[in-house]
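Once you scroll down, you'll see the structures, which are given as C-alpha cells.
In the two complexes that follow, subunit A is the common piece, with subunit B as its partner first and subunit C second.
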Partner chain A sequence: MALPLPLGLTHSEVAFLAEMELVTVVPRQRLESIDLLSGKTPPLRPPHRTDLPLWLALLLKKQRRANIVPPPWLHPASLAEIVHRETKVHPSSFSEPMPTSSRARQSQPGYAGRIGGNNNSDNGNGEVILSPPFQSNCTSSAPAGYLPYHWLEVAEALITHAGDDLGGNTSEIRGLLRDLVEVRAAKMRDSAETLGAEGTGGVVSLRGVGAMELAENRGFVLGVVDGVRKIGGAVETARREREEEMDLGGGGYGDGDSDDDMGI
Partner chain B sequence: MSYYDIDSILTDAEKIPCTFQLDIPDLGYLDNTPNQPLKAGTKVNLPLWLAEMLVIANTGGPDNKTFVTFDLPRALGNDVVQALKADPRAVPLRDQSAHFYGLATHMMDLSEEQELGSVLRKTFVTRAAEISLHARKVGGGGSKGKGKDEGSNLGIGGAGEDFLRGLDEWERKLFRKAHDGAKSGKEWMESIKKN
Partner chain C sequence: MDIDDILREVDPTFHAVPQEKRSLQELTRAWIAERSAPELLPWPADGLFERVNGSIKRQIEKVEEMTGDMDPKTNFALIVIQTELERFKYLIRSYLRARISKIDKHTLHYLSTDALRSRLSEMELAYATRHQALLHNHYLSSFLSSFPSGLQNLNDSAGINMVESPDLESAVFIRLLKDTLVEGRGVDSDGAMDGRESDIVILRWADAKPLVENGSAELV
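After this line comes the complex of A and B, so read on.
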C-alpha cells in the first residue's frame, strides 16, 4: 500500500504558497533591495507604494516598517457585491475568477485585449500567461468585484495581521467572508448532486473556486466522482458493448471522451 | 480494487440467493444435508465470490442450460429500490448491507439491471450531498466546541445521527474525507490567529 498521504496540497501548504502573492505596501522606512532566490525585491522609498510578496509585507508590517494597502476586492462593498452575486444572480455557479490583467482594463470597459499583450512593461513580450502567484491579484491595482485564487488565505492573513490597515471594519469584512465561505461550501455540496443527473455528462464546473476551498473539498469531490464512476462502470460497459455490436464505425461520439470526463 | 482491499474482500463474502437447476452429487452439505446429492431447485445462499464464478462458468454451455441461477439479494430487492426512489436519504443502507454499493456494483456486473444503475447513482449523489452537510456540521461542533455552529439545528442529534448510522462503507469513507477536509480547514483558521 502506498503511504496514506492525502492527495493534493494541505491547508498549510496552500497558505504557504499564498504568501507568494504580491501585495501593495506603503513603506515607512527606506529599505534597499534584497537579493532573494526569487529575484530582487524593489527598494523601498517611504512615500512610494511598492509591490512586495505577502510574507515580506507581513514581516515589515509586524515590525511597523510598512503599511499594507488592502486589495480592492477586500473592501466590504466589493465583498457584499460578490455575496449578492453568489446568492441572487448566479445561485448555482461560483463567481467568475479574476480576469487576467490584460482583460481588466477599467479605462475601456468591454475591451478584451490579448493576454499579456499590452501588459506591464516588464512582460510585454507577447503571449505570457500568468498563473495566480505571479499575477498581481492582491495588489491595490487588482480589479474589485472578483475573487482571486488565494482569496481566503490572503484575506485571513490581512485581517489577522494588518487589521488596522483595512479601514477599521474588520468585523464586517470577516462576516462577509464567513458568508462567502458558507455560500460556496453549499454550492460545492450541491455540485455533488448535479453529478447524478442523467444527461449532463457528469461534469461539474469548478471554475472560480479558490485554492483553500479546493484543499478542503478535494477528498469529498474525488470520492463522489469515484463512486459515481464505479456505479456507472457496469452500465457503461454494457452500453459500450451494445454500441459496438450495433455500429462499429459510429465515430463522432467517442467512447474515450466520456470515459475521460468521468475520471476528472 | 486492490488485492489487499479489505472492503473488497468483505464484499465478496456477502451472500446472494442462488438456485441450483441440476442435481449435483456430494454438494449436499451446502444445504445442511451431508452425504446426499444437492437436489435441483434448491435455494442456497452462496457467497458472492462463489456465485460469481459459478454464474460466469456456466454461460458457455452448448445447450444453454445453466446449472445455477441467482436472484438479487434482499438488499437490492424491489422494496429497497422503491424506497430509494422515493427518498434516498430515508433508507438506512447499512441495515441492508454494510457493503451496499460494493455489492450492488458486483451484481450489476453480473446481471443487466438498467434501472438499478440509475437509481443507485441518484441515491449515491443525493446522500453524498447530505453526508457533506453533516461532515461540516460535526466538524464545527465536535472539535473543540468552538462558537461556529450556526445552523446546527440540522446537524448533530435526532435525524442526523440516524442518517449517519445508516451509511454503508463507501459513504463512511466519503464522510471521513469530507470531515477531514472541513476539520483541517478549521485548524488552519485557528492556527492563523495564533501566530
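After this line comes the complex of A and C, so read on.
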C-alpha cells in the first residue's frame, strides 16, 4: 500500500508531469467542448489553432483528429543556437530558463503580472503562482531560443508520436537534442565539484536545468551533498559552537566574521 | 460571503486562472512536494483534497450515465474523460501512498506531539494510531511481555531516543517562484544568495522549508 519508491520524482513521474504541458494543435475535425476535471476544453473548429494538454493532443494525433504545431524552441535553428550558447558562450552554466512574464503576456493579455508571478502582493487572496508544466512553455506562442523545464520529455514525445508535424527534419532535431543532452550532462557532472567545494555556504544554484536532468542526477547530486554534510558533521558542529562563543564574547569580532561568510 | 469574497468576484485578475486549473496546479505541487520532502508535510488545510475528490466522484457518475448511450460522437469524449480521470486518480493515489510510506516509517514520531499529529488528516491519524496499537499488542504478546516492565516501552527517550525521526537536514531541490534571498547552512560556512525567479537551488530541507511554506519556492 505504501509507495515503495525512494524520495524524488522518478523518470516516469516526470514524463507524466510533462504530459500536462500545453501544446498548440490544428484540429482536422470538429469536436465539441468536453467537460474535464481540469476545466472545459475549448471546442475544436478546423482550422483554428487551440492549446491543449500534451496527453490530449497526443490522443487526438493518434486518432488523426489533429496535427500538433511544434513549439518554436524545437525548431532546428533555435536548438542550434542553444547548442552554440551552451558550448561556446556559457561553457560552464546551463542556458537561461524561459522567461515567465513575456510568454504569460502573450497567452493571457492583461493578466501577465499574476500569472508570471512577478506581483509579490498577490498571495494574500490565495492566488496561485503557476509554474511548469502549467506555464504554456510549449505552445506555438512560446519564445524561441530558450529551453523550457520539460524540454527533453516534450521533444521526445513530439518526435516519437508527431514526427510528421515537425517539418520532415526529425533526424536533424534528434541530433541537436542529443548534442544538448551530452553537453548538459557534462555540466551536471561538473557541478559535483561545486557541490563538494568549500565556501558554497550550503546554497548551490542550478539555474536553467531541466526536469529529466534533475531526475537523472537526483540520487548522485543529493548523495554528494548529504555525504559531504555527514563527513563534515563534526567540523560543522565545532564551527557553530565557536561562532556562538564569539557572538557571545566580543560583539565587533563576531560581526566581522559573519560578514565574511556572507561575502562568499 | 464577506467583503473579500465580493471584491474577489469583481476583480478581473482573479479569474485569470480558472478554479479547475488552480486546483490541478495545487494538487500537482502538493504531490511533487510530498514525493520530494524528507518529512511528512501538513495535510492541505483549504479542503483541496475534498474538492478534488468530490469532482472525481461527480465525473465518475457522469461516465456511468454516458456509457448508457452509445452515440459514436459522445464515445470519443468518453475516452478523453476517462483518460483524464485516470490521470487524476493516479495523482491522488500516488500522493496518498507517498504520505502513508512516510507515516509507516516514522509512526511514533508523527504521533508524538500535537503539532506533528495535526499534519495528518483524520483518516491518516486513525490509521496511524490503530496500526501502532496493533503492532504494540503483537510485540507485547510475542516477546515484550517477558521483559521487565521498565523496558517494555517502544518510545523510551531516556538515554538514546527510541523514536526515530526523519532527517530534516537532507538536501532538496527547490524552484524559486519569486525573487528572494536564499539563506543556507554549509559545512565550512553559512551563505546567502540573491535568488531570482525560476532559479533551481540545492540546499538543506531545514533551510528550504520557510521559503516553501511562505510560497516563495516549491520543491521539484
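To be clear about the criterion, the second predicted complex is superposed on the first by the 210 of 264 C-alpha atoms of A that agree within 3 Å, B and C clash if a C-alpha of one lies under 4 Å from a C-alpha of the other, contacts with A are read in each partner's own complex, and residues count from 1 in each chain.
What we mean here is this: contacts are C-beta pairs under 8 Å (C-beta built on N, C-alpha and C of every residue); 3 or more make two chains touch, one makes a residue touch a chain.
This is a predicted model, so every value here is computed, not measured.
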Partner chain(s) touched by A:228 [first = subunit B, second = subunit C, both, neither]: both
Touching partner for A:56 - first (subunit B), second (subunit C), both, neither: second
Residue contacts with subunit A in the superposition, subunit B compared against subunit C: C
Which superposed partner A:156 touches (first subunit B, second subunit C, both, neither): first
Touching partner for A:91 - first (subunit B), second (subunit C), both, neither: neither
Which superposed partner A:218 touches (first subunit B, second subunit C, both, neither): both
Which superposed partner A:206 touches (first subunit B, second subunit C, both, neither): second
Contacts of A:167 with subunit B and subunit C, given as first, second, both or neither: neither
First (subunit B), second (subunit C), both or neither touched by A:188: first
Which superposed partner A:43 touches (first subunit B, second subunit C, both, neither): neither
Subunit C-contacting residues of subunit A that also contact subunit B: 1, 195, 198, 218, 222, 228, 232-233, 235
Interface residues, subunit C side, partner subunit A - complex: 4, 8, 12-14, 16-18, 20-26, 28-29, 32, 35-38, 46, 52, 55-56, 59, 62, 73, 76-77, 79-81, 83-85, 87-88, 90, 94, 97-98, 100-101, 104, 169-173, 175, 177-178, 182-193, 195-204, 207, 215, 218, 220
Subunit B residues within the subunit A interface of the complex: 2, 4, 101, 104-105, 108-109, 112, 114, 117-118, 120-122, 124-126, 128-129, 132-133, 135-136, 170, 173-174, 177-178, 180-182, 184-185, 187-189, 191-193
Footprint of subunit B on subunit A - complex, ascending: 1, 6, 10-12, 15, 156-157, 160, 185, 188-190, 192-196, 198, 212, 215-220, 222-224, 227-228, 230-235, 237-238
In the complex, subunit A residues that touch subunit C: 1-5, 7-9, 13, 16-17, 19-20, 31-32, 34-39, 41, 55-56, 59, 63, 65, 97-98, 100, 108, 110-111, 113-115, 117-118, 120, 123, 125-131, 133-134, 195, 198-209, 211, 214, 218, 221-222, 225-226, 228-229, 232-233, 235-236, 239, 258, 261-262, 264
